[in-house]
Structure formats: structure tokens, C-alpha cells
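In this document, chain identifiers A, B, C and D correspond to the written order of the chains, with residue numbering beginning at 1 in each.
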């Protein structure tokens, strides 16, 4: 299939690579010439604008930092809608707010196109390995249409419901994640301060009603799980600033829905404190340093310093 | 083995029954004559006081509502320490604060006895079925000594570390539980308000990084999990007031340890609000009503259904 | 002076009236024909568009619900910037985010105009009485230029600093207000539950270190202060939804500044809960019902009494 | 009048001095011999025990760190109740929980004495200057009886209602104080980050609806108010650990009253974080460092280092 791909960042680049590997023809566009060249070297065709990238394609995929970028890529003079043939489906894999999705879907509809939201989970590792989860919002037929393309980049392609529900699913999941991680951080720190061995404590929680991914797979206490970022100085993983972005989307969506999110709003402030103290690029499980005895000040400048 | 058992409430009574079934000789004491008679009918021997109940035993088990009751049962003129032979181990399965455990252990030590904290999880159902988890705090030898007795009442007998760590494990687990349940409640309510099907949302969370017992086993949104209290009007299960008691122990322990527990303290207020609005005896997952559209006031009406 | 006034809502209409009373010539524009007619009856001149309203003026004033409206009024084809003469100062008294202010100021600058943010406090009562406080962001000379005009509508015209700082001052003040009101609500409710006379309690707080406007002037407990909304069923006053709007601006501004606002974010959820339970149009001090014994459900019934 | 005074700490010592200055005869007891000697040098009579200190007095005053000390001083073998003549009023100026007050009052009643709770505000400065506020809980006649004695140590002697309400008043006031201080800290920090001059911001808040003691008298932002602890490195003032103690009493009282205290519980965690990071002995307004850019780590070891 011929695909136009806009946005070759940390996530978009490996995703586009996987499309090429699967045998698709891919036109790419990004403001970063180096990122474009790497894809061209792998067989993609560079385009001078989003409009040019989508002129002759059967599917468009966008992977961008925020809703403002998606709007611009869609509606600019040399944007997607200025060039894309009628009938082509536009898949946006950016993580953005559901209200913007609905606005973009309406713009696309007026232009004769279908807009599908398909945010991902799985991180840069999943993007490289082609094992992302796609949370797809759109009609059943739109879902069926995009599923084969998305399957080249991910292993779980989940239909969440109508347009926008892909974003809702992602936002709600990450709301739970942000809360459970901070909750585990405070329970593990409390247990440590009260004198229980932290591995024993994690073992009990993980086989009891406190069981959760943040404890049994990604425990924030160093030394509990060897493969977790906490055991390598909170480097790699899912950055505090990315968690902040997602909790910001959750509390914003809650505001528009007139829905309280007590724990989500509080967790956002906890991660915000860590970001303000210099830990924005460290894995979000670093929030445990807010609870443990000792200084926050070694979070910041160099993530390779690891845990004191 | 000959065992003295003090405290025949909703948990203690079925636990003592299971000791009888396993072939132990059991002396029982409780202020509630009816509860005592039921055990006597099953083969136990009634005692007129804690002191009398423990005069000739090899092991003492207490299962009481709070630390004040344990203190009284231990230290009263006709209490356990006034009657128990030196060398006998006293196992307290009440859920109380770790600081009290240490004080009781010291009292027992001065008297020539070993005190072991062994709070349980699994609820009245687990107590009846003999499938409780015991979280045991004490020396390795004390743990080995009580394990055979506890095995008659539970299926997981976990050694948590030194005296008091059984309580620490329980408190920390339930801190995570109280936080994750409220977190899931707000994410599910937000998703519902934003238009995603709640079963679809739960399915995604349960296979993603938001995965937790509060979502995949005990989801607070009605209709998601048939066996959860949320699907039967929040009756049965683990009462809001019991969760409040455990979060109170957690925030108290945190205060004494000079340890912040942001989400735990906030979750405590959420359950406190539900209790004040009449839902104290309903399952704690009823906290979702604080988030969902509609009145809180119908919580109270069927509160008599709740778990005592 | 000849003034163009855009936005004749609950606040804008009495403000424009006061300009007329002070002898200014006023062109008015609003989508609501009835609101326009009332001003015309008082001596204003109706305009068919923002552009028409500002064609021949010496000063422009806008008073609109949100940043999106200001943007539209400024930049539409028949908007202010399409018609206003170079050199005229544009005063925006809407409450909006500081980032939008900076963007609008830049648009105005490119067009040869000065943009001044001048949000108000004092409510509809202050607007009618001409006793508003204006918090002015802009250069010293811009402040001096607009001060005489604003003095016709308010009694305190405060220079806060450069462009945007008027909004910062308003947002920060209302952040404190939203927090102190909820804090007073929980202390008064706690005192009531613990058996102290609420008037005595308020008297002590008001002469001690807990002293604040939310307690000594606007106490949320009914019966403490006769003139407060709490003593008339929470009607009139400053609506919960307006407080929510301002706390939303505060937490958004904090998000962009990467600054934690723990209590502000939590207070936002408390008011959000009240709004979701039907109290959005009642005075924001109604938040005390979340704390006091009894149902929340009677909040909604007299919501029509509330302040629009 | 002849008075027995138990507890010569930072507050009790200057209070006892003021009783001497007012011409009262004072028997004193404290475990600290140096503190006793200083009072003896000023004219007091040292007693070997609380019992001895109250054997021949007309009034007893206790000023102790916590309820456990009061209980011990009252009920020990050589305690107050073992020696005090019937009919003498016992005034406890310690800050303790209202439930303990009721228990102590009942013990005193059984012994033929009246127990009055009279916690103070005003700090060590007010104790030295004799300008404390006393919040008195007890009958009207008990209040009248103790007022002349308390007037030697304070300038406001407020009758709060029945036994225990003095503590309720103090706890509720300090709950408001703890919340408003943290609220002002986050608003001032947000304003600073958004570029407004902090003195200008404080000026606006102090004349608007955000007005409160924490802003207009004790502003936590350095440089705003010269006489505030924030302008001298947070030395002196009301220590973070003392605020923590009072918020602990408030959240405990709320727990027993089944009353939610959202902001109080959250504020407690904020001060707890500061205490855990080493700022427990600095003035509680140091909480602003949790919000401002920069490290927390210079809070701790030496308060004379001041604000970076």
C-alpha cells in the first residue's frame, strides 16, 4: 500500500521503518532533514511538504507531539487536507485531547476523508520492535480498513469505539498508571521507613489486592525488579514529562467533561514537582524520591548518575 | 495442639471453627455469649476470661477490632498475660498499628512469651473457607512455630520479617489498594463521561500499564465484572469503614515515621466523604459514586445490605 | 472620550453604562440585540460589528467570556483589528490566560496598537456601582493612558507590571481565594461536628492566624455572617462555575510554567464535584456542603436562584 | 493566689514568670532542673513532684507537649490528682486532642475537681510578653474563675464553650492557617514564575478576596514582609514540626468525627515532606520551597544559612 507518513520523531521514525519493512511504499515528511534522510536511506520517498507527501497515497499516518501540530499539518496551505485525495483515511497516532480529535474528524469529513485516532502505548521500544498497542477510535469499517496497516507497526490493534475513544482509552489508562505508580511509591517508601524488607513487601503486594503493573513489573523502589528503570538510576523508560503531558490531557478532559479527578490532579502535581526539581527526563517512577529520605537534588542534571 | 482463642467476631469465629476442624483443642473467650455457644456446639471449650482461656494452652490467638482491645485482653487482671504459661507464643491476627505491636511484644517478652503479629487478608469469605493469607512478623523460629497452626486457617502463611512487619505489610498493601481503587473509579467515570464503553475501557486498562486488582478483579463500575460488589449494589465485600480504618492506620504510621503519604491521605478523605454520606457499610468500591453523575444520597438506603 | 465597547454581558453592560454616565461617547457591539438596545436607550451608539464599533474611537474595551472570544473579536474579518485606527489602545477586561494575552498583544503591536490586560474583581455588584478593581498589565505609559477611562468604572486601578501581569494577579488571587474558602469550609464543618458554636469559632479564627476574607467576610457556614451568600441559600455571589473557570486558568498557567499547585488542583476538584452534583450556579461557598453532614442533593433544587 | 505550675518548657517557663510578676505565689515542677532553678531564682517554689506542687494551691496549670504527658502528670502515683485538694480548678494549656480533654475532665470530676482546657496562641513571643490568646473550654463559671489567673499571662481570654471546645477552636484555627499558608505559598510561587513582581502581587492579594494573615502578615515569599520569618531564612517563628503536630490533631479529630478534611490532609503531607527533607525546625512558611524553583536541600541542617 502507498502511505504518507508525517512526523519522524522518536516514535514516528521506527514506526515508518516498520511500514517499509512490511513492504509498503512510504512518503515521509518531517522538518528534521536528518530524520527524513534516515528513512530515505531505508527506502522511503522524501516529500517537500505534508501536501506533497499525501498527494498519491491510500493512507495517511501522522505522529506528532501535540494537537497544535496536528492542526497545522492538516490545515496549513501546504498541509494534508490541501493534497490528500478524497476517500483516503487519515490515521493520527499522536496523543492529543478527544475534543481536538472530534474537530479534526469534522474537518476531514467536510473534505471527503475519514479521520481515525489511534494513539499507541509501548514506548520507543515497542515502536522499534513493532509491538505497539494501537487504541483505535472510529467506525467499525474504518477500524477494519486501517487494521492491516497498523499491524505492520503493532501487535494489538484494539477497537475502542467511535472517533475520539482511542484517545479516551489512552488517557484513562495513563491516569490509572500515574496514580498507581505514585501510590506504590508512597507505600514502598512507607514500608521501607517502617523497617520491612522492600523485596518482601513487593512480593506480598504483588500477590495480594494491591497487585498492579506499577508494582509487579515496574516497581519504583531500586533493587526490587532488575529490569525496571528504578534499578538503573531511572534512566530510559517513560519520562516524567511525558507522564505530565498525559495527566495534563486527563485533567483537561475532565475539566471539559465537568468530572472530578482528585487523585489524577494530585498525582499531576507530584510529577510536576519532580519536573520542577530537574527530573523531567528521568523515568516517571523517580517520583519515589519525593517520598524517600534524602535529597531530591541529585535527580536532575545527569541521569547517568543514577540513584544515590 | 491446645489453643486459646480470644475474639469470636465475623473473622474470629470461622477461624476458630477451622482450628477445631483441623483437630486442635480450642478454648474460646468472647464477651458475646452467643458467639461462644456456637463454638462450644462445634467442640470448643468456653472460658470465663482470657486468663482462663489460656491457662493450659500451647498457643494463644487473638482476633480483635483494634489495638485498645488487644492491650486490654493482654494486660487486664484476668487477661492473657495473667494466665498464660511462660514460653507460649501469642499470635495476634488483629489489624493494628506497628508501634502497638512492638509495645505488646515487649510486654510479652518481659513475661517470658513470644508475641507474633499475623494480620490477615481474604475477608470473611477467606476466613470461612480457610484460605486466608497471614502476614507474619516475628523471628524465623517464631514463624516456623506458628506456621502449622495458621495453616489450619489460611493457605498463604508469609513471613514478612521481624515483629511488626506483618502489620506493615498489611497496611502498605491496603494503602495501595485504597489508592488504586479510587484511581480506577475516577478513570472509569471519566471514560464513561467521555463516551467510551466501560467494558471496552476496562479491557484495555486490564491488558495495559493501568492493570491492577481494583480494575481487573474488583472493578467499581457496575456491569464490568459480574462477580464484583459493584454489580450487586456494592453489598458484601470489604466495607468502606474497614478501608477507612486501614487507611487511618497507614496515615498514622506515616505520621509517626515522618513520611508523606499524599495519595493515601487524599484517598482517606474520599472514603471518609462516602462514609459521612451514609455508605460506610457498603463495599469500598462505592467510592465511584463520588465521581459519577447523579446523587450520592441513594448510597445510604441499602446500607443494611453491607458487610458487617 | 470616544470609546468602542465590545461585550455587553452581566459585567460589560453595567460597565458601559458607567462610561456613559461619566460623559464618554460609547459605540457598543454585542450579539445580544436586547443588551445593545438597553445601552442605546442610555445614550450609546449601536455598531453592526466590532470593526464598525471601533472605527473612529480613541479607546477600545472588550469584556468577553473566554480567550477564544477575544481572539475572534480581535481577528475576525469584521473584527477590531480590521477597523481600529493605529495608536488606539485596546483594553481587555476579560479574565483569560496570560499566554493568550501575550499573543494578542503581539497581534495588536503588529497592527500599530497597544494591548492592555485589565481583568476586574468586584462582581456584578461592583460593575453596577462603578467600584470594580482593575488589575492592569502593560507599560507605565499605557497604564497612565487607560487609567482615566477605567476610573469611570472602578475605584482601584492597580498597575501590576508588564503585559499579562494583570491576569497573573487575578489568577493568583483567586487561587488563594478558592483554597481559603474550601479550607474555611472544612474547618468550620469540623468545628461544628466537634461541638463548638460556629459563631464563636468564626470569631476566634477571625481574630487569630486563620483570619481571611473567606472567613471574616464571606463565611460559608450559614448564620455566621448575615450578608454572606451562605445565609441566603448560597444564591447570588460568585458562582461555583466561575470559581472553576478561574481555578482552571490557574492550574493551566501552572502547567505551562511547570509549577506545582497542590492545593489549587485539589480545590478545583472539590468545586468540580459540587458542579457535577448540580451546584454550579450557586455561590462557590456552597462547597461546605461537601463537608457537612447531610445530602448534597438539595443543592440543585434552588440553583435557579443562583448568580448567572 | 497560690498556683501549682507543671511544665516549664519554651512556653511554660515564661508563662510561669508572668504569674510571678503578677504577684501570684507559684509552686513549679519540671523534670528539667535548670528550668526549675530559673523559676526559683525569680521567686517560685520548687516541688519534688506534681503531687507536691499542687498540695496547697488554689489553681493548677499544666503546659505539656502532648496528651500522654498530661495523662501521666494527672494520674501518676505522685501526680496532680493524688495531691490536689478538692474544688481546685485544673487548667491545661497544652495543645491536645478534644477526646483526651473529655477523658481528663471526667477523671478530674470523679476526684472533685474541675478541668478546663485553655490552649494558647501567640508563640514564645506572646508567652514572654504576656500577650497570649487563651481559648478556654469549660462552664461559664469555670471560665470566670480562671480568667483572672490567665489574664496575667495573656491579653485575650476567650470563652469557647464547654469542656474541649478550647482545643477545638485552636485545632480548627490552625487547620485554616496550615491550609492558607500553603495556598499563599503556591500562589506567590506561581506568580513569581509567571513574571509578576511578588511585592505587587502580595499588595493586590492583601487588598482583595485572597486577603489572609498568611499573606498580609506572614507572607512566605522572602522580601515581601520584612518582619516575617521568610525574610530571615525561615528562622524563628512557628516550626514546621509544630504545624505538623497541630494538623495531625486536626486530621485525627476529623477521623474520629468521621469528617473529611481534604485540604488539611494534603497540607499535612506538604509539611511532612518538608520535615522529612530536613526543615522541621524552620518556620512552617518554609513550605514555599517545595514550590519555588531550586533545591530543597539547603533547608535543613542550619537555619541560620537562610534563603538561597
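The rule we apply is simple: contacts are C-beta pairs under 8 Å (C-beta built on N, C-alpha and C of every residue); 3 or more make two chains touch, one makes a residue touch a chain.
Remember, it's a predicted structure, so these values are computed and weren't measured experimentally.
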- Note on the structure: Sorted by label, the chains bordering both subunit A and subunit D are B, C
- Weigh B-C against C-D on C-beta contact pairs and write down the one with more. C-D
- Message: Taking each chain's centre as the mean of its C-alpha atoms, which one ends up farthest from the centre of subunit A?
- Response: D
- Whole-Å gap separating subunit A and subunit C, where each centre is the average of the chain's CA atoms: 37
- Query: Counting in whole Å, what is the centre-to-centre distance of subunit B and subunit C, each centre being its mean C-alpha position?
  - Reply: 50
- Query: Using mean CA coordinates as chain centres, what's the subunit C-subunit D distance in Å?
  - Reply: 39
- Residues of subunit D touching 2+ other chains? 254, 258-262, 266, 270, 273, 276, 290
- Task: Would you pull the subunit C residues touching subunit B in the complex into a rising list?
- Result: 266, 273, 276-277, 290, 293, 295-297
- Message: Using the touch definition from the top, list the residues of subunit C that touch subunit A in their complex.
- Response: 244, 248, 251-252, 254-255, 258-262, 265-266, 268-270, 272-273, 275-276, 280
- Task: Name, in rising order, each residue of subunit C that touches subunit D in their complex.
- Result: 98, 121, 133, 135, 156, 158-162, 164-165, 168-169, 171-177, 179-180, 182-184, 186-191, 193-197, 200-201, 203-205, 207-215, 218, 250, 253-254, 257-264, 266-267, 270, 290-291
